[in-house]
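In this document, chain identifiers A, B, C, D and E correspond to the written order of the chains, with residue numbering beginning at 1 in each.
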Amino acid sequence: MDGFEVIAEGFARALQILLSGDQGILEITLLSLRVSLAATLLGAAFGIPIGFLVARKDFRGRSVVTTVINTLMGLPPVVVGLVVYLFLSVSGPLGFLRLLYTPEAMIIAQMILTFPVVCGITISSVLSLNPKLKETLVSLSAPPSWEARVLLNESKLGLITAIIAAFGAAISEVGAIMMVGGNLLGYTRALTTAIMLYTNMGEFATAIALGIILLLIAFGVNLFLTYLQMRSRVRRTT
Amino acid sequence: MSFLECRSISKSYDGKHALKDVTFEIEGGDLLSVVGPSGSGKTTLLRIIDGLEKADSGEVLLKGKKISGEPFLHRKMIGMVFQNPVLFNTTVFNNIAYSLKFRGEEGETIKKKVEEMLKLLRLHDLRGRNALTLSGGEAQRVALARALVYDPDLLLLDEPTANLDPYNVSIIEEVLQRSNREQGTTVIVITHNIFQAKRLAKNVAFLLEGELVEFSDSAAFFASPRDSKTLSFIRGEMVY
Amino acid sequence: YVNKPAAPQRLVIATTTSTADTGLLDHLKPYFDNRFGANMTWLYLGTGQALEVASRGDADVLLVHDRAREEAFVSSGNGTLRVTVMYNDFVIVGPPNDPAGARGTNATEAMIRIARAGADGNAAFVSRGDNSGTEALEKRLWADAGVSASGTWYVSTGSGMAPTIRVANERGGYTISDRGSFYKLRSTMNATLSLVVLCENDTSLLNPYSIILLNSTKHPNINSDLATNFLLFMVSRQGQSLIGNFTVDGRQLFFPVYGNPESIGLPSENATVTYLNSLLKSKGLE
Amino acid sequence: MDGFEVIAEGFARALQILLSGDQGILEITLLSLRVSLAATLLGAAFGIPIGFLVARKDFRGRSVVTTVINTLMGLPPVVVGLVVYLFLSVSGPLGFLRLLYTPEAMIIAQMILTFPVVCGITISSVLSLNPKLKETLVSLSAPPSWEARVLLNESKLGLITAIIAAFGAAISEVGAIMMVGGNLLGYTRALTTAIMLYTNMGEFATAIALGIILLLIAFGVNLFLTYLQMRSRVRRTT
Amino acid sequence: MSFLECRSISKSYDGKHALKDVTFEIEGGDLLSVVGPSGSGKTTLLRIIDGLEKADSGEVLLKGKKISGEPFLHRKMIGMVFQNPVLFNTTVFNNIAYSLKFRGEEGETIKKKVEEMLKLLRLHDLRGRNALTLSGGEAQRVALARALVYDPDLLLLDEPTANLDPYNVSIIEEVLQRSNREQGTTVIVITHNIFQAKRLAKNVAFLLEGELVEFSDSAAFFASPRDSKTLSFIRGEMVY
């Protein structure tokens, strides 16, 4: 059997598995979606307000805070995995919560990864708003609540970008969730960790099937982002 | 007591004077044109009156009350149209409605007043368009509408017709004059076009390098200026 | 602060890669879950890693295969009870052309030949390098052979059994695997796995698996009731016969041996067995 | 011993290990740097010219190509790992090269990850150049070679950003290099794969030491990027 | 044979005429001012002459040779300064030197010619500054320098002094006049400032809604315009 056939056969069997609606694969996919979505929403729940405040308020050390948040965007997932592991392990400070090797631990680890992404993009998109917008609001006597509302609306595209980018990063990530989730079958096994496992075990058809699902999600997310950005690129006629 | 009074206002940026000891007053219902070469301080003056900028010294009084310096409570009765206005990323209708929402007006009132403005500035066909897709002249009209919609006592305009085509210029001039005459709105308009000043103004102020060189009624300003620099400016002999 | 009770029905078994990779635990899971209303999950690590995780209290029960370290674990007070439940055996696998000439020799001799061929640049040996029970056995064999295994021919993967076999396969090297993992991988990989068994059926290659209950006074948060139930399930008639009838491609991979470790030359565990049998009875499990 | 002590002790031992200049740790670090750097440079060698051409040439399907490249930026590393694995494995189409479980395989996998990053950022930074720049060059009769030279110079910051971002992503990545590198001691064991292994083995001190090194590299790279961007943000006075 | 000839040039965008049947010619060494309200087609005309835009119909002849339409080989003898010039992200010196490098000039020649330009436009102190940090007036001077440095036969300028302060305006006007007089460079300059047209031009062209309403020598244009629209334009009675 020649090389490409192995791959072609893997794909054929992968499609069979996908079409048969395998229960295990569905479970893994749902877990991945649930964990990454929760991590993204939590990251956004903290990241957007904090990012907005950092961008709007003038305080000493603001540029330091911004640099720190931008730097955290480059946080290696395995380091996050290690640190969360140390904290959540039963002998660690938060061990009594018994969260290690649970989906909640995966959410915590990924939230640490999504927070700086959402926060950083929020800061830069609020900062890149035309400074005249703020002046216009002042000149029109907008009360503070309206000011925040209008400015957030103006940076809407940036915020959506932030959330989608964070979700895309979370769903593709493997290091952190492997370390704190443990890849337990039916419990913490996600798309990425399962792909690694099945590849190791030589179960290429399953690995490819999961890879196709992961690709569809990751690419779907990116395409949606591109579509949004194109749609909202208002053409100025002057 | 005059409507607006500027008392020896000075302002400098990075040690360079933008305004030097500028003093003048205008009555309610006046229409003042501010002219002068680029960099002479026209925009700075308007921004100080609108409270967006703090003067280094001197004060601004509106109806006898000092409004410069401290948090500016009187801004609600002032409307300003910037040199290159920034509109909000929403419909034309909402852009104008915002000014009223900021003032806590009710839905019905808002609808009525915005419709009026759309008609006045011939924007009805554009009511549903995103304001960021407008042409320069249309955008300028929306900016004027959102400043006029809350019926300000004082309207400040910074080159409202620069780089616009004749159609837009004529609409804007017409609306300005109408609200000055019919609503009694006091108007200060900066223009680099002295013909426009001639057409519109009751009074003209001429700024040069931050100094108020001449302040007089329009007829006198163009026919018999007191200052030789004014003369060279209106004759086009001054290079600018 | 009131301790949040752990998700009550979840059992985390820290185990070696072979029990997971072969699919044995997948085979047992539905019966156990059904019987105890539980959700049986497992971390598959090398035995060393499994013991490490358990000693920190991050797992509920151990299913491992490295006798020496198991005993050390219990005597250090981390475990309260250890019992042998099943066994299989290790095999030395390598490329079919067998450049070291290990085929048909005994284990110690095979190791000596592999090392010699390795030093000559004709062979490679791929080690787990992950503190696993398999690696512990490998170390014992090197010691018996009087070889210090190091050099470019000696590759350490730091991974589980399946990846290690795959590395050996790619590089045409030798490795030691438990029989179960090897046959399981061969059944999934078919022709793409070219390694063959070269050396087997040596008593030094026996591979007994034990279950260890953890010290619940040291780790009060572990789910010791469910852990005990797992142990009882595994030694019960049902558990033992499930182990025995698990096959891959028609081949039995694990052999139940509860109550009779003497049959494979291990010391008797009579005291423990008696205690467990009475527990089985009193709990109405048998 | 209470929970924080475990962590504190881990850190203390990690510092000891770092200060003692452990040979194994040095080797792992150098391998990580070598692989990620090579992957980044190769990704840039293809990504920059292709990105420039896509941005400058008007051809049918250009927006499709751009969307595809942007989408590829979201390629999950484990999927890349799986595909490269299938190709390089002995029974795969490129099996005869015997590259699986070598640093070269890791470079190939990471190159597939860095290429779209560099290419995508190059496209967007060349596209975001003021369109009047091109007109100015035409009006000044710049020959094509000079045109490319000037335009690349104008997008210099974008290109540097692209390269650094790609390197940062590569050095932090674990899924792909684990799958095609195999984490072989002294040969393909990199910072991220080693951190996962040592965490599993409970060798926290080593894991933390490696984590600190990885963090320093990832953060150093990001800080350098921030510095460059700040420095080159020329203030326009008008 | 005249130096530059435009023969019934028309151009429309989205069905709207920007230029309608524009015909005129100028001699070498002329200095033509193009005036007209915003949107009247001034910039479009210049861009067509520079070859950046293709006319829908009509043709442009330079020294009798047709230069419109096909790939524009004659651009090397034309210099253009845009309405808002874009400079390159490098030093002032390099910005000017680029024009010569594009023409394959040698190091020594480049140095000499750039130095000349720096002196002429009083940019010597700024030679090492990054061009993106310049003020509007300084940037405009650099843009003029890089168009003049290769000694073009025809120089096109689109509102070169709009929004500049008097100091910058006077330098630019001076340099324009000098190179027109001393080098014999033919110049076409768009301006919205009719005083500037008066000061500089030998001939004036008046565009209105894409049509060439009047083309005559400066004296006649301002003293006795033929067209009533020209009159209303120069008197400032036309709203724009």
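We take it that a contact is a pair of C-beta atoms (placed from the backbone, for glycine too) under 8 Å apart; a residue touches a chain by one contact, two chains touch by 3 or more.
Please read these numbers as outputs of a predicted model, since none were measured by experiment.
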Both chain A and chain C are touched by which chains? D
Where the contacts of chain A and chain E overlap, which chains show up? B, D
Considering only mean CA positions as chain centres, point out the chain farthest from chain A. E
Max Cα-centre separation from chain B goes to chain C
Based only on mean CA positions, could you tell me how far chain B sits from chain C in angstrom? 84
What is the distance in Å between the mean C-alpha positions of chain B and chain E? 33
How big is the gap, in whole Å, between where the Cα atoms of chain A centre and where those of chain B centre? 48
Centre to centre, by mean C-alpha position, how many angstrom separate chain B and chain D? 53
Find every residue in chain D that makes contact with two or more other chains and list them. 91, 200
Which residue numbers or ranges of chain E touch two or more of the other chains? none
If a residue has to touch 2 or more other chains to count, which residues of chain C qualify? 56, 159, 163, 166, 191-192
Go through the chains and record each pair that touches. A-B, A-C, A-D, B-E, C-D, D-E
Could you please specify the touching residues of chain C with respect to chain A in the complex? 1, 3-4, 6-7, 10, 12, 21, 26, 29, 39, 41-43, 56-58, 159-160, 162-163, 166, 184-185, 188-189, 191-193, 219, 221-222
Considering the complex alone, what residue numbers of chain D touch chain C? 89-91, 98, 100-101, 182-187, 189, 193-194, 197, 200-202
With touch defined as at the start, can you tell me which chain B residues reach chain E in the complex? 37-39, 163-166, 169-170, 173, 193-196, 198-199, 235-240
Would you mind writing out the residues of chain A in touch with chain D in their complex? 1-4, 6-7, 10, 67, 70-71, 73-79, 81-83, 85-87, 89, 91-95, 168, 171-172, 174-175, 178-179, 192, 195-196, 199-200, 204, 207-208, 211, 214-215, 218-219, 221-223, 226
Within the complex, chain A is touched by chain B residues 50-52, 75-76, 78, 80, 82, 84-86, 88-90, 98-99, 101-103, 130, 132-136, 139, 146-147
